[in-house]
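First chain written, first letter: the chains are A, B, C and D, and each begins at residue 1.
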Amino acid sequence: MKKLINDPKNVVIEAVAGFEAAHGDIVRVSHDPIFIARSDAPVHGKVGIVSGGGSGHEPLHGGFVGYGMLDAAVPGAVFTSPTPDPILAATQVVDGGAGVLHLVKNYTGDVLNFETAADLASAEGIEVRAVIINDDVAVKDSLYTAGRRGVAGTVLVEKITGAAAERGDDLAAVVAVAEKVNSRVRTMGVALTPCVVPHAGEPSFVLADDEIEIGIGIHGEPGRERIKLEPADAIVDRLLAPILDDLPFVAGDAVLLFVNGMGGTPQVELYIVFRRAAEVLAEKGITVTRSLVGNYTTSLEMAGTSISVLKLDEELTSLWDAPVQTAALRWGR
Amino acid sequence: LTLDAAWTVGWIRRSAEVLAAERAALNTLDRDIGDGDHGENMDRGFQAVLSKLNDLVDESTPGAVLKLVATTLISTVGGAAGPLYGTAFLKAAGAVGSARCLDAAALVALLTAARDGIVLRGKAEEGDKTMIDAWTPAVNAAAAAQAAGSAVDEVLLIAADAAASGAQATEPLIARKGRASYLGERAIGHRDPGAQSTSLLLRAAADVGRA
Amino acid sequence: MKKLINDPKNVVIEAVAGFEAAHGDIVRVSHDPIFIARSDAPVHGKVGIVSGGGSGHEPLHGGFVGYGMLDAAVPGAVFTSPTPDPILAATQVVDGGAGVLHLVKNYTGDVLNFETAADLASAEGIEVRAVIINDDVAVKDSLYTAGRRGVAGTVLVEKITGAAAERGDDLAAVVAVAEKVNSRVRTMGVALTPCVVPHAGEPSFVLADDEIEIGIGIHGEPGRERIKLEPADAIVDRLLAPILDDLPFVAGDAVLLFVNGMGGTPQVELYIVFRRAAEVLAEKGITVTRSLVGNYTTSLEMAGTSISVLKLDEELTSLWDAPVQTAALRWGR
Amino acid sequence: LTLDAAWTVGWIRRSAEVLAAERAALNTLDRDIGDGDHGENMDRGFQAVLSKLNDLVDESTPGAVLKLVATTLISTVGGAAGPLYGTAFLKAAGAVGSARCLDAAALVALLTAARDGIVLRGKAEEGDKTMIDAWTPAVNAAAAAQAAGSAVDEVLLIAADAAASGAQATEPLIARKGRASYLGERAIGHRDPGAQSTSLLLRAAADVGRA
C-alpha cells in the first residue's frame, strides 16, 4: 500500500486541515469535533442542510459545502459514519432558525448516528428532519433488509435541495424537494480495482486481472456479480439497463446524466462511458438535457465508474442551474 | 465472585485488550461481507473507554461504569456498531440502576436490556445475521441458568458459550440487516463480525469473572 | 491492464465525442481533424488561444476550453503530441482577427508540431505567436538540452493568459502575460505508481511496493531519483525545497499554491499534501493568497501529485480571479 | 539495381513491414528512456503511408514518393519523430528533384538532405543520443563509398551498416536532446529508439536494394 499520508490515524484530521487552508474563502472548519461549515453559517431564516458520512468519498461531502448546496458536512473516519457529537455540533452551527435537514445516505451506521444527533438537537429545540438517500439499483430493495444504498445520486440530491433552501423554501418544502430528487434518481456502479483503506493497509476485496465487479458499493462492498472484463460499451449497457428499468425511464423523459468516477479512473474513460450512455439514452428517446462528469463520489483510489440518471422537470432543472459556490461544484457566481 | 464496579471495570479493560488483539481478525471478517472496519471501530471505541476509565470516582457503581462506556462508544465508534453497542450499554446501565453489586438476576436483566436496546435501534431479528444472533442465545442461556439457580460466574460462562455458538451459527446465513444484506447469497459461509465482537465481549466478562 | 475502453485505437475519438455530448453548451468539437473549440469561436477582435498536446492528461487541455481560458485545444494520441493539421485547423477556427497564441508545453514533439502549424498558419496570413511552458524544476535547465518540461503549471498559464485575452489585450500583451506567468511558476511532482498507456498495455515504468519516483514527468518519464516511500510531509518537503530555491521564492511573497493530482490519488491525500505545503510556506513567510487542489494535469491513472507555486502580483491575482467558464474550471459565471 | 519510383515504393513498403514487426520493441526502448510510444508512432505513420501509396500515379518519381511519405508522416505520426522524419523525407524529396532514377551521387544527396533536415528542426549534434547518431555515420559512410566509386547497392548496404553501428553506439551515451535528456546518467545503457528506427529504415532500403 503506497499512500501520500502520514500516520493513518491522522488522515481525516490532516485532510480537513488542508481543506480549510485551501478553501478558507468558502468554508470554516471545526476541528473538535470535526465538521466543515459554510463560512457564513448560520444563514438567518434559511433551512440549514447537513450531510456527512464516512471519509474516503471526497469531494463528497465537504467539497459541496457552500452557497447553494450544503451548510455543513460531517466527515467520519474513512468509510465509517461519523458519531452523533459532530453531527449535533454541525446542526447547531447551521441552524438559522428555520430548521435543519439531514441528508443521510442509507447505511445502518449513518442512519443510526444521524438519528441520535437529530434526537439530541430536537431536545435543544432545533427542528430537524432527515431524508434518506437510496439511489443504488444494484441492491434489491425490500422491507426486510437494510434497503438500497445511497451512492453517487447523493450529489444531485445535495445540489438541488441546497438550491431550494437557498431560494428560501421552508423546511417542509425543502424536505419535499429532497424526497422528489431521491425518488427520481437511480444509480449503478462498477469496480475494476479495489481500494485500500489507510488503517487496513489491504485491499477491500480482490479482483483478478480480468475481472470486474458489477454493482459495487462505494465502500468496496461486493456488488451484484463478478464478471470478466468487457469493452466499455458493453459495461455501460449492463449498468444502464437496470437503471432505466427501475424507475422506469421512458421515451420523452428529459434527464440529467451523471457519470461519476470512483477515484482512480482517468477522465478519458469517464467520457467514453458518457458517450455510450448518452447514445443508449438517445436510442430510447430519452433526452439528456443536463450532464455531470467527474470524480464526485469516490471510493479512495478505486478504479471504476457509476452512472446516475435523474428524471428532470422544470423545477429540478432550474434548481440544478441555480448558482452554487463550493470547492467541488461551482457555477453562476 | 462479586459483580461490583471493580469487576465491571475489569470486564471492560479485558474487553479492550481482547478487541485490540482481535482488531485485524474482525476487520477481515468485515472485509469479507462488509466494509472492513469493524475491528478498527471497536478498537478505537474501547481505547477511548480505557482512557475515560481513569476519570471514574472510587465509589462508582456498575451502572455508572456502563453508562460511561455507553456514552464513550456512542461518541467514538461511529458506523453501525457505535450506536448499537452504545445503546446496549446505555440500556444495560439503566437496567442495573444504582446497585453496588449485581446478583445473577441483575446480570440477566443487564444482558436482556442490552439486547433489547440493540433490537430497538437496529430492528434486527434472530437469523438476520447480525450481532443479535450472538446476544439472543446468550440472553436466553443466561436466563435459563439463572432460573435454574446458577451462580453469577456460571451464568457468565454459559452466556459466553452461547454467544460463541451463536456467532458461529451466523456463518451459513444470508444477511437481512447491515451491509452484508447487500450480498444476498454471497454472504453465506462468512461469520458476522458484530456477532463475533459480541462473543468476544461476553467471553471477556466470563474470563474476568473467573480470575 | 483493466480500462473502461473499447478499441484502444479509439480512445481519443470516443472520449472527445463524450466530451462533446456532455459539454455542448461550452464547446463544439471537430472530429476530423480532432480539436475542441469554444462554442462561440472565433470571438471577433479577441486574441485566440490554442493549446494542445498528447491525450491522457485530462482535463488538460480540453477541459479548459471556454470563456476566459482557451479558445481551442488539440488532443494528440495518448501521450503523443498532435500533428500540425489539427493545430492548423484549430488556429484557423479561433482566429478572430487579432492573432493567435499557441501555448506549448516544452517537449520536442509538441514544439516541432506547433512550429509547423504556426508556419502554415502564418503563410495564410494569421499572426501566430508561441509561448513555451517549462515549469518543471525536476529537470536541469541548460542550453544544451531539451530544457525543462511543461507540467501542471500549464493550467495556471492557460487560465491567466486566457483572462488577459478575454479582457481585450492585444497579441503582444497576451504573450507578455503568458511569459510572465511561465517565468514565475515552478512545479515538481512525484509518482507512487505508474500509468498504463492503452495501446501499450504495460506500465510505463515499474516501481517496487515501497518505492516512489521523485521528479516524475507527466508521461511517466523517470524523474530525479527513486527513493523509498516516506510520510507525506517528508515527500512534500522534498518537492517544495527545489521549487522554492529555484525562483527563488522569498519571505513576503504572495503565491498561488496548486496541488495537482496525477489521476489515481484520492482527494484526501491531495489535501494532506496541501496542508503540509501551506505550513512550510507559512514558516518561510510566504503567504498563500490563492489555491487550487485537484486532478488538473493528470497522467492517466498514475498515483502521485505535483506541487506548483506561482508568485502572484496584483495583475496576476485579478486575472486569476476573472470569470472563467470551462468544463473543468469555472467561476464568476 | 535501379533506384526508380518502384524501388522507392518498395523501400517504403518494406519499412512499413519492418516497423510493424518491431513496433513493440521500439516501444520498449522508448519506455526505458522516453514515453514508450515510438513504435506506435512510427507504425501508425507508415501504415498511413501504405494506404496513401495506392493513390500514386504510375509514372511517379522517387521524389514524388518521398514527398508523399513526408506529408503523410507529418500529418499522422505526431510526437518528435513525426516532424523530424517528415522533414527528413521532405528535404530528401527536394534533393532528388524530378529525377526518374537515382545514381549513387543522388542517393548520397538524398541521405545528406534528410539528415540536414533533421538537424535543422531538432538542432541535435552527433553524440546527443538521438536519431542523428544513426543518420550521420550513415551519411558519412555512404559519401565515402560513393566517392570511392561504389555502386548504389553497395552504398545502401554500407549506409545501413553504419546506421546500425551508430544506433548501437548510442547505448553508453547521456542524452542531450529529446525526452531521454531528462534522465541524465540514467539514460546510460539504453539504446535511443529513434536511432534504432533510423537503422531499421536504412536496413530496409538496403534489403530492397538487394532483392
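Criterion: a residue touches a chain if its C-beta (ideal position, glycine included) is under 8 Å from a C-beta of that chain, and two chains touch if they have at least 3 such contacts.
What you are looking at is a predicted structure, and each value in this text was computed from that prediction instead of being measured.
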item: Longest centre-to-centre distance from chain C, chain (CA-based); value: B
item: Chain centre separation in whole Å, for chain D relative to chain A (CA means); value: 55
item: Distance between the centres, which are taken as Cα means, of chain B and chain A, whole angstrom; value: 32
item: Chain C, residues touching no fewer than two other chains; value: 78
item: Arrangement of touching chains [line / ring / star / complete / other]; value: line
item: Touch relationships between chains, expressed as pairs; value: A-B, A-C, C-D
item: Residues of chain C touching chain D in the complex; value: 54, 76-85, 107-109, 112-113, 115-116, 138-140, 144-146, 149, 197, 199-200, 202, 204-205, 217, 219-223
item: Of chain C, residues touching chain A in the complex; value: 2-7, 11-12, 14-19, 21-23, 55-56, 58-59, 63, 78, 192-193, 209-210, 212, 229, 231-233, 235, 257, 259, 263-276, 278, 288, 291-293, 295, 298, 300-301, 303-305, 325, 327, 330-333
item: Interface residues, chain B side, partner chain A - complex; value: 27, 31, 33-37, 40-41, 44, 74-84, 121-122, 176-179, 181-184, 186
